[in-house]
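Following are the structures in question.
You will see two complexes here that share chain A, one where it goes with chain B and one where it goes with chain C.
Our next item is the complex of A and B:
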């Protein structure tokens, strides 16, 4: 599905050049959720932004390939990239209020996203938007469509962003810390929602996160990054039970265990 | 006798004409050498409660007793003196340090403010000693905040808090902005300091795993109220309030093969200005009864120090049909 190899990105300022990521390689197979984990400064966001062609102006990809549906995203022209982004690749950012336009109604934003790739009548657009919002469990979809981002809670806004990302049925979804800005009880709702959107099909997910619990519970494969390099990657089941790299071992050991917590609640709260 | 006693604390902010009950009738005590965690999501009022405990906010209602004195009755000068034994560490270490002052001088500042009568040389020696105590070198004390990592900055925040020999430190999300590996080491430092110096902590956090690893007792806050409090182990092995259970089921295990649990709450935490006047969880609770919305739910004592504000404590949560 997505195959990244040798990806190297540098940031240029007047005084110096910094290599942010070097020789990054990993695969996102069809129908698989891959977690990209690392701490602050590990380069996970730069990796995603390089792939998406969304680097800030000082950033430049200096090498590597990112193959997706027969094209190299890193070599693609602006026009080619625009035709893939939003249509074949859905993107969910960390901050939904940064992703939504504050001065356009939600309906107008659906129109912009849909019409960027195909013609659609006003009535069909409204039906499509309604159906998409309902599929992400937005209650009162009609009212939400008429309204603006600031009227939504964080969880609702992130649902709208997910609905927008899914509107063209992309085969790959890239989510960059999609729940970091949300409260814990809402985080789970959003993760379950993303999970449901990719479950049971060929759709793939690249989930960027610093939360190893999210990876353990929602991903089948994991790529661990540290200071701009991939230090370990493979199946979640293998790496979480027997991490090979010292950094991965250290990361897993650093999480305080709550052994009694899950047992206690499992007695009464059903498993999904 | 407890070191700090918060009783019947209520604090109301006025926000564009509306009254927001940030803290709505909270009672909590902290014993000497004890860590009491206050856990809750954003908007639960946990930080406001921390500020009330520090005397930074005078509550609209209620009394804060610290070390035998009532904070609200102290004069400005007396309050300032009391602050030597009542310190704080903030969430954002960088934001809480002056970027233009060497961190060693920041650590020395409480010694000057509290008029300890130490000479310059004695202060310098004291700073070096405290820096070493938190795992930094005297050399690092000569640096500016931006030259230190997040974890080192937070160690400076801790050094500044302990230099006056406090009895209680309010830690407001002290590890939330730190990466996991750094977080574990800062928590270890806090535990060591408590063991050696006998300091009490009020540990404000939104993270269950952190709370589980550091606290003796825990108070779960939701919309300005404590819905459940008790010994940490007791509350986490035998949670009684639906909100506590929801918080726990929302926490993801890092053990592969553990099953994800259903989060038995509907919707999101309401805006505090629109908080229900009855049970704070009404509207989101899976086991709500009509009488739950009749009036406020008073905390009930279940066991020694285990209190729950719910009239259906023994009702299991059933999965709502979607």
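Our next item is the complex of A and C:
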């Protein structure tokens, strides 16, 4: 499905050039959820942005390939890339309020996303948007459509973003830390939702996260990054039981133990 | 989304209470426009009356008469037929030019930077002098007044809109739009443009106020005037000599009209600004 190899990206400023990621390679097979993990600054986001062509102006992909549905995303023309983005590849950004235009109604934003790729009548658009919103469990979809981003809760806003990303039924979904900006209580719901949208069929997911627990629960494969390099990758089951690279071992060791397993804690914490 | 979501339309009275600036500014302007075109005038503004020259304000001629025996009040009101629509048209053209050039230039390419520097150079001219020169060279007709307004205000719109669009372009939602596969033109006109509407409204009122000054200045200099049709600028000019002789009324009243028009546009701009900022 998505096959990345030798991906190298640099950032240029007047005084120096920084290599943010080097020789990144991994596969996202059809129908598989792949977790891309690493600490802050390890190059996860740069990797995803390079693939999507969303680097800031100082960033430049200097080498490698990212093959998707027979095209190399890194070498594709603007037109080719635009026809794949949004239509074949859905993108869920980190902060839903950032990703939604503050002064367009949600319905208008559906219209923009749909009409970027095909013509649609107003009535059909409304039906489609309603159906998409309901599929991500947004209650009162009609009112949400009329409303604006600032009227939504974080969880609701991210649902809308997911619905927008799914409008064209993409075969690959790239989610860049989709729950980092959200309240912990809704993180799980959002992840379950993404999981449900992926489940069944050949749809793949590239999930960027720094949370190994999330990877263990929602992904079948994992790619571990550290300071711009892939240090380990493989099936989740293998890597969690027998991590080879010392960095992966440290990451796994850093997952906090479940506190309520300890009887001492239970006694100390008053039950409200 | 809460159940208490406000009904955006609200009642008319609520709007008046919440936006006094918009209501007063737009109301005064509308009154001047409607008056100029439809109000029954006490005297014909373009028929001279040699028997009643330079009368001071009285019950019959409330603003007095000028050296041709024109009724100043009728002319002040009627001048709005020329000055106000010209100001609005000039503003609209400036706005459209600002959007069409400023929005696409909001990419940080070398090309757009070059254009902006060229615009800097252009704006460093004293533009009112430049526009008078252009109008003088190209002939004395009404379109040229519109060009003069656009020469002065078009660059301001371009600069303002580009600056705002540059800030908006950095927003995550523009990145999301790119990720949705939108073409650059769609991004500019569907995703960015709605976000600059607010400032365009404010700037348009200010520009219209400026346009009224430009028109008055040009008319004062005799550009774009076709006697005996009244304009505020030419009336001030006609009455200017009389002020030292104590015949203040010929020049003061058109001046007051200019002031009221500009003040109401500024009040309108202020009102829109407040509404936009949610004050």
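The rule we apply is simple: the second predicted complex is superposed on the first by the 258 of 272 C-alpha atoms of A that agree within 3 Å, B and C clash if a C-alpha of one lies under 4 Å from a C-alpha of the other, contacts with A are read in each partner's own complex, and residues count from 1 in each chain.
The working rule: contacts are C-beta pairs under 8 Å (C-beta built on N, C-alpha and C of every residue); 3 or more make two chains touch, one makes a residue touch a chain.
Predicted model only: the values in this text are computed from it and were never measured.
Asker: Considering only the touch criterion stated at the top, classify A:143 as touching first (chain B), second (chain C), both, or neither.
Answerer: So A:143 only meets chain C here.
Asker: When the two structures are overlaid on chain A, which partner does A:95 contact: first (chain B), second (chain C), both, or neither?
Answerer: In the superposition, A:95 contacts chain C only.
Asker: Using the touch criterion from the header, give the chain among chain B and chain C with more contacted residues in chain A.
Answerer: Touching more of chain A: B.
Asker: Just to be sure I read the superposition right, which of the two partners does A:213 touch: chain B = first, chain C = second, or both, or neither?
Answerer: first
Asker: Given the touch rule stated above, what does A:54 touch, chain B (first), chain C (second), both, or neither?
Answerer: A:54: touches chain C, not chain B.
Asker: Taking the superposition on A as described, I'd like to know which of chain B and chain C A:236 touches: first, second, both or neither.
Answerer: After superposing on A, A:236 lies in contact with chain B but is clear of chain C.
Asker: For chain A, give the residues common to its interface with chain B and its interface with chain C.
Answerer: 156
Asker: So in the complex, the part of chain A that touches chain B is made up of which residues?
Answerer: Contact set of chain A toward chain B: 39-40, 153-156, 183-189, 192, 210-214, 216-217, 236-237, 240-241, 250-258, 260-272.
Asker: Which chain C residues qualify as touching chain A in the complex?
Answerer: 1-2, 5, 108, 171-173, 175-183, 186, 190-191, 194-195
Asker: Along chain B, where are the residues that touch chain A in the complex?
Answerer: Residues in contact with chain A: 41-42, 150, 179-181, 183-184, 187, 206, 208-210, 212-213, 233, 236-239, 245-265, 268-269, 316-319.
Asker: Flag every residue of chain A that touches chain C in the complex, lowest number first.
Answerer: Spelled out, the residues of chain A in touch with chain C are 52-54, 57, 82-87, 91, 93, 95, 98-104, 112-113, 115-117, 140, 143-144, 147, 151-152, 156, 161, 164.
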